[in-house]
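One chain, chain A, appears in both complexes that follow, with chain B as partner in the first and chain C in the second.
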Partner chain A sequence: MLGQLPNAVALASVYTLFTLGLTLCWGVLNVLNLAHGALFAASAFLAYRLTQVVPGIPLWALLPIMAVGIGLLSALVQVLVFAPIRARGAGEHDVEMRTLIAGVTVAAAITTVGAILTEHQPFALPREALEVTTFDVLGAPVTNVQVLLLVAAVVLACGLLGYVRYTRDGRALRAVAVDRRAARLMGIPVRRLEVQALALSGALAGVAGLFFALYLGAGDAHMGDTLLLKAFAIVILAGVGSLGGAVVFAFVLAFVEAYVGYYAGADLRDVAAFALIIVMLLVRPTGLFPRAIGQRA
Partner chain B sequence: MRTTRAVLALALAAGLATAACGTGGGSSAPGGAQTVDITYIADLSGPAAVYGKPYVDGAKFQVDQINKAGGVHGRQLTIDVVDSGTDQKQAVAAMTAAARGDADVVMYAPIGSLALPMAPIAQQSKVPFIVGQAASKGITEAGDHVYRITTNDIHYWEPLIARMRDQNGVKSMAIVYASDNTSTTEVAQQLPDIAAKLGITVTDSVPVKSNDVDYATPAAKVLAGDPDGVVMMAVGPGNASMITTLRQRGFDGVFFGGASLAGGALVPAAAEAHDTYLATPFVASDQLPWASGVDFTKEYTAATGSAPDNFSAGGHDQVEFVHQALESLGDTPSDRNALNGALATVASKGFAGATGDPVTFADRNALTPGVVAMWDGTKLVLAPGQTTGLMAPGTS
Partner chain C sequence: MIDLFAANEGVIAGALVFALLAYSLQVALRAGVFSFAGFAAYGIGAYGSGFLLLEGWNEVGAILVVLVGVALLGWLFAVLLTRLKSLYLAMATLALVLLVQSAALAAEPVTGGALGMYGVPPVVDTLTTLVVTAAVLVGVLLTQRGRPGRRLLALRTDEALAEAMGIDVRRRQRVAFVWSTVLGGIAGICQLSLVGVFTPEDVGFPVIVTTLTVLVLGGTWHWAGPIVGAVLTAFLPFWLAAVGDWRPVVEALVTVLVVIFLPGGLVSLVQRGGGALRGRGRRSKPPEPVEPAAVTPAEMRTEAVR
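Coming up: the complex of A and B.
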C-alpha cells in the first residue's frame, strides 16, 4: 500500500504541472487553449533537439531555456492567432468556438513539426541532462525525478496562486476575465495582460513538458494528447477557475488511478477514473470548488 | 466494433462500386514499353510513420534494383506512394482510388486495423494486394487476391521463449502488453499456454495503454512478482519508458519481445535496454543464416548508406514477390488476374527474399525462419550462436 505512494504523488505532480497553465488560460482568462498539450510536448522535443546540438547541456540550463522558449511560442500564438480571432469575433460565443478550432489547428501544426524534427521516432533526453538516481523511502523505491516533480508542482502552484491573487497584474487579469470592456475603460492594459498570461501558461507548459519527458524516460510528438483530456476533466471537476481545486482534484484522480492501476490493471484504472468523473459531474456539476467568475484564482 | 463493421461495409460497397472499373495491365511508358504499376499505400505520417517509411524505402530500393537491371522482360516497374496518414478513412479512399485506377498491384504496411477494410476492396476489384506486418485476423481471409509478406510474430514466440530459458536462464516471466492494441492483446492471451508448455512461470500479465502517462505503477506490479524476464509488448515510446522505469527500480533481468521492439523503439532507452532480445523476420547482419538476407544487407547499405531493418526488408520482399511473379509470366501481358495467378504460383513454391530463402506461404501468409536480435546499446544486432533460423523451414 505504502509502496505505491511515491508513484501516486509523482502522477499527481504531473497532472498538477500540466493543469496549471491550462487553468490560468481557461479558468482565469476564459481562453480554452487546445494547443496547451502540443506546447507541453514541444518543450520535450525541442529540449531533445537542443541536447543533440549542445551535447551535455544539464537540466538546470534546459529549464529556463524551455520556460522562456515555450512561453514566447505561446505568446506568439496569442498575438498571431487568438487575439485576431477575438478582434474579429461576433460575440463571446463566436470567439470561444473560433478559439477552440484555432487551438486544434495550432496543436496539429506544432505536433507535425515535432514529428518531423524527431523523424516520427520516440526520443529521450540524454542521461547527461539529469542522472536518475533511486533511493529507498520506507521500503519503496523513489527516484530523484519523482522528488523534482513534486517540488516543481508545489512551487509553481503556490507561485501561480500568489501571482493571480496578490499581484497587481494578477488582480487585473481577473478583472479582464469578469469584463474586458470595463477593464479596458478602467485603464487596464488588456492586450498586454492577455499576452502575459499566455506567455506564463506556455512557460508552465515548458517546465512541465521537460519534467514529464524525464519522468517517462521516452516520449514522442503526441505525448501531450493524453494529458490534455485528463487536464480538462481536472479543471472542470475542480470548478473552473479554482487553482487550488485543480491541485486537489489532480491528486484525487492520480491516487485513484495509481491504486486501481496497481491492484486491478490499466483497463479498470481508466474505468475507475472515468466513473469518478461521471459521478462528480452528476453530483457536483459545478465542480468541487465552484467559483463565480470574479472570485477565480 | 460497430464502427469497424461500418467501415468494413463502406469498404465493401466502395469495392463493389469500383470492381468493374479498374483492370490494371500497366500503362505505356514513353517509347511504347509497358510498365508494371505498383501503388504503395503507407503510413508516412501519424503514429505509425516510424514503421511505414522503412517499408516504402525497402520497396523503392528493390524497384530501383530491378529497373537498373533492365526491368522484367523489358518492362519497368513504377511505384506510386500514397500517404494514408495512419488514418483508416484515408487508407480506404486510397485503396478505392488505386483499385479504380491503373494499379497492377497494391501494397500496404504496417497497421492491421487499416489493412482490414482495404482487403475486401482489393478482393472485390481483383487487384492483388500485398500487406506487410498487419497481423490482424481477417486480412488475408478476405480472399485469394490478398497476401501477407511478414510472418506473424506468434510463430516466433515459442522458440524465442525456449531460447530465453535455455540461454538466459529465464524460469519466470512477466508479460507487459498494450491492452488497447488487438495484436499485442491476442499474443498476451496465448503466451501463458506457451510458457506453461516450456515450464516457465508467468508471474503477472500487466496491461498498459498506448501513450500512457504512468509507467511507475505497472513497473511496481511487475517487480512484485520478481520475474527473471519481462515480455515487452507496449506500443511506441511505451516500450522504452517501461524498460527505463524498470531498470531505474533495480530490475536486472532480460527483456524480450517481437516487432514492437523493432525500428527505433529501443533508441530512447539506450544503455538501459541492455539484455533486450526480440524475435524478428530480419536484422541487418552478414551472419544471417540465409544468404539472400546477407546480400540484401550489403546491397541496401551500399545503395542508401544506412543499414536496413526488418521493415525495409519487408518492403523489399513485397516487391520481390511481384518481381518473381512477373518473371514466371515471361513475355505474357500481365493484367491483374494473370499477375495474381502468378503470385499464387510463386507463393506455392516460395522465393528467395530478404527475410528468408525460401519465403514460403501458408494460406497466403508468409512464413519465414526469423532470428533473434539483441540490443547492443545503440542498434539491433544478430544475437550470437544462430546458425539456423528460429523456425525450421516449412514450420507453421
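Coming up: the complex of A and C.
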C-alpha cells in the first residue's frame, strides 16, 4: 500500500509537467497542440541519441539541453505550422480543425523520426547519465529519480503559475486568451507571445520526457501517445485553462492509476482510464471547476 | 485495364478501405460533427464480423448483424456524445477509439490479443469493396447537391443559423454520426476480409493519421476528396520508394503544406484549374465553411455544451 506511494507521486509529477504545457497552449491560447506528446517522446529519444554521441554526459547537462531543444522545436512548430494556419483561417472552427489535423500530422512525423533514430526498439538511457540510488523513507523504497521528478514538477509548476499570474508577459498572454483582437489593439505583440508560450510548453515537455524515460528505465518513440489523451482528460477535469486544477487532477489520476494498476492489472488500468475520460466528458464537459475566461491560469 | 486491376489488387484494396474510412470521417464532418467514432466502429466491425464468422455464421447473416449492431452502437454514442462540441467531441471519440484498442488487447481469447485475429473466411473481395465504395461515393455526391447539400452547408457553417432556418440540428447531426459509424463498420469488415488479419494496432493513431492525410489531401468537403486522396496515398509509396523509412515524414510534410495552403485539397486545385480553362468568371470552389466572424474564446467555452 505504502510501497506504491513513491510510484504514484512520480507518475503524478510527470503528468503535471506534461499537462501544464498542454493546458498553457490550449486553455490560454486556444491551441490544442496534438504534437505535444510527440515532443515529449522526442525529448527522450533525442537525449538517448545524445548520450550515444557524447558518452558519459551527465543529467545536469542533459536536462537544460533537452528543455531548450524541445522548447525551440515546439516554437518552430508554432512558427511554421500553427501560425500560418491561423493567419489563413476562415474562422475559429476552421482554424481549430486544421490545427488539430496539422498537430496529429506533425506528431506522426516526429514519431517516425524517433522510430528511425532508435531503430524501432525500446531504448534505455545509459547509467552514466544518472546513477539510480534507492533509499528508505518510512519503509517505502524511494529512488533519487522520483525525488528529482517531484522537485522539478513543484519548482516548474510554481514558476509557470508565477509567470502567468504576475509577470508582464504572463498578463499579456491572458489578455490574448480573452480577446486576441483587442489584445493586439492594446499593443500586445500577440505573435511573439504565442511563440513564447509554445516554447515554454515545449520546454516542460522536454523536462517531462527526459525524466519519464529515466524513471521508467526505458522509452520508445510512441511513449507520448497515450499520455496525450490522459493529459487531455486532466485538462478537462480541471477545467480548461486552470493551471492549479491541472496539478490537482494530475495527482488524482496518477494515484487512481497506480493503485488500480497495482490491484487490478495493467490491461484493465487503461480500459478504465479511457472509460472514465468518456464518462467525465459526458457529465461535466467544462470540467469540475469551470472558470470564466478572464480568470484563466 | 483488367490486367492493371489484377496486378495492383492489394494496393487497390488498401486504397478502397482508406477511402471508406475517409468517407466515414467526411460524412460526420460535413454535418459539423468532428468525430473519430468511425474508427471505433472500424475496429468493432472487423472484430465483430471475425468473431461471428469464426463461430460458423453464414456470410450475409454475420455482415447484417455486425452492421445493425454498429448502427445501434452508433446511435447510442450519438445520443450520448453529440452533446459535446468540436474539440471535446473529437477527443471523446478519440478516447472511444483507444478504448476499443485497449479492450482488443485485453480480450485475448476473442480477439487474439496483440497477435491479432486471423483465419477468418473472407466474405468480400476487392471487386465487392469497389462496388460498395462506389455506392458510398454516389450517396455522398447526391447529398452534396441541392437541398440536402445546402442543409449540410448550413449545419457546418453556423448551427444557430441552421436552427433558425428550421433545420433539426441535433437530429441531422445524430444521423450523420450514425452513418459515420456504419461506414467505419463496413470498412472494418472489408479490411479483415481483404487482408486476413486484424490487430489492435489497426485501431489507433496511425490509421487515424493516414485517414486524415487521405481526406485532407483529396479534399475535406468534396465528394471526390476521399477517392482522390486514397488513390494518391496508396500509390505515393511507389513514387516515394527512394525515401523508404522516411515515407511518413514526407507524407506529413505534404499534408501540413496542404492544410496550410490548400484547405480545399487537391480536388479544389482541379476545380480552380477547370474553372479557368472554361474561361468563365464563375467561382467553382467547393463549399467551405466560411464563418463570418471569428468566435472568441469566451464564446468557445460556452460552446462546449449545447
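What we mean here is this: the second predicted complex is superposed on the first by the 279 of 297 C-alpha atoms of A that agree within 3 Å, B and C clash if a C-alpha of one lies under 4 Å from a C-alpha of the other, contacts with A are read in each partner's own complex, and residues count from 1 in each chain.
Keep this in mind: a contact is a pair of C-beta atoms (placed from the backbone, for glycine too) under 8 Å apart; a residue touches a chain by one contact, two chains touch by 3 or more.
Not measured: the values here are computed from a predicted model.
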Chain B versus chain C as contact partner of A:Asp270, first or second or both or neither: both
First, second, both or neither for A:Val81, with chain B first and chain C second: second
Partner touching more residues of chain A, whether chain B or chain C: C
Chain B versus chain C as contact partner of A:Leu11, first or second or both or neither: first
First, second, both or neither for A:Leu100, with chain B first and chain C second: second
Partner chain in contact with A:Asp225 - chain B first, chain C second, else both or neither: both
Chain B and chain C contact sites that coincide on chain A, given as residue numbers: 112, 225-226, 267, 270
Chain A residues touching chain B - in the complex, by the definition given at the top: 3-4, 6-7, 10-11, 14, 112, 115, 119-124, 126-127, 132, 134, 141, 143, 146, 212, 216-220, 222-223, 225-227, 230, 257-258, 261-262, 265-267, 269-270
Chain A to chain C touching residues, read off their complex: 30, 32, 81, 84-85, 88-94, 96-98, 100-102, 104-109, 112-113, 116, 177-181, 225-226, 229, 232-233, 236, 240, 267-268, 270-271, 274-275, 277-278, 281-282, 285-286, 290, 292-293
Contact set on chain C toward chain A in their complex: 29, 34, 80-81, 83-84, 86-88, 90-92, 94-96, 98-99, 102-103, 105-106, 204-206, 208-209, 212-213, 216, 245-246, 248-249, 251-253, 255-256, 259-261, 263, 288-298, 300-301, 304-305
Residue numbers on chain B that touch chain A, as the complex places them: 45, 47, 49-50, 53, 179, 206-209, 211-218, 220-221, 236-241, 243-245, 248-250, 263-265, 267-270, 272
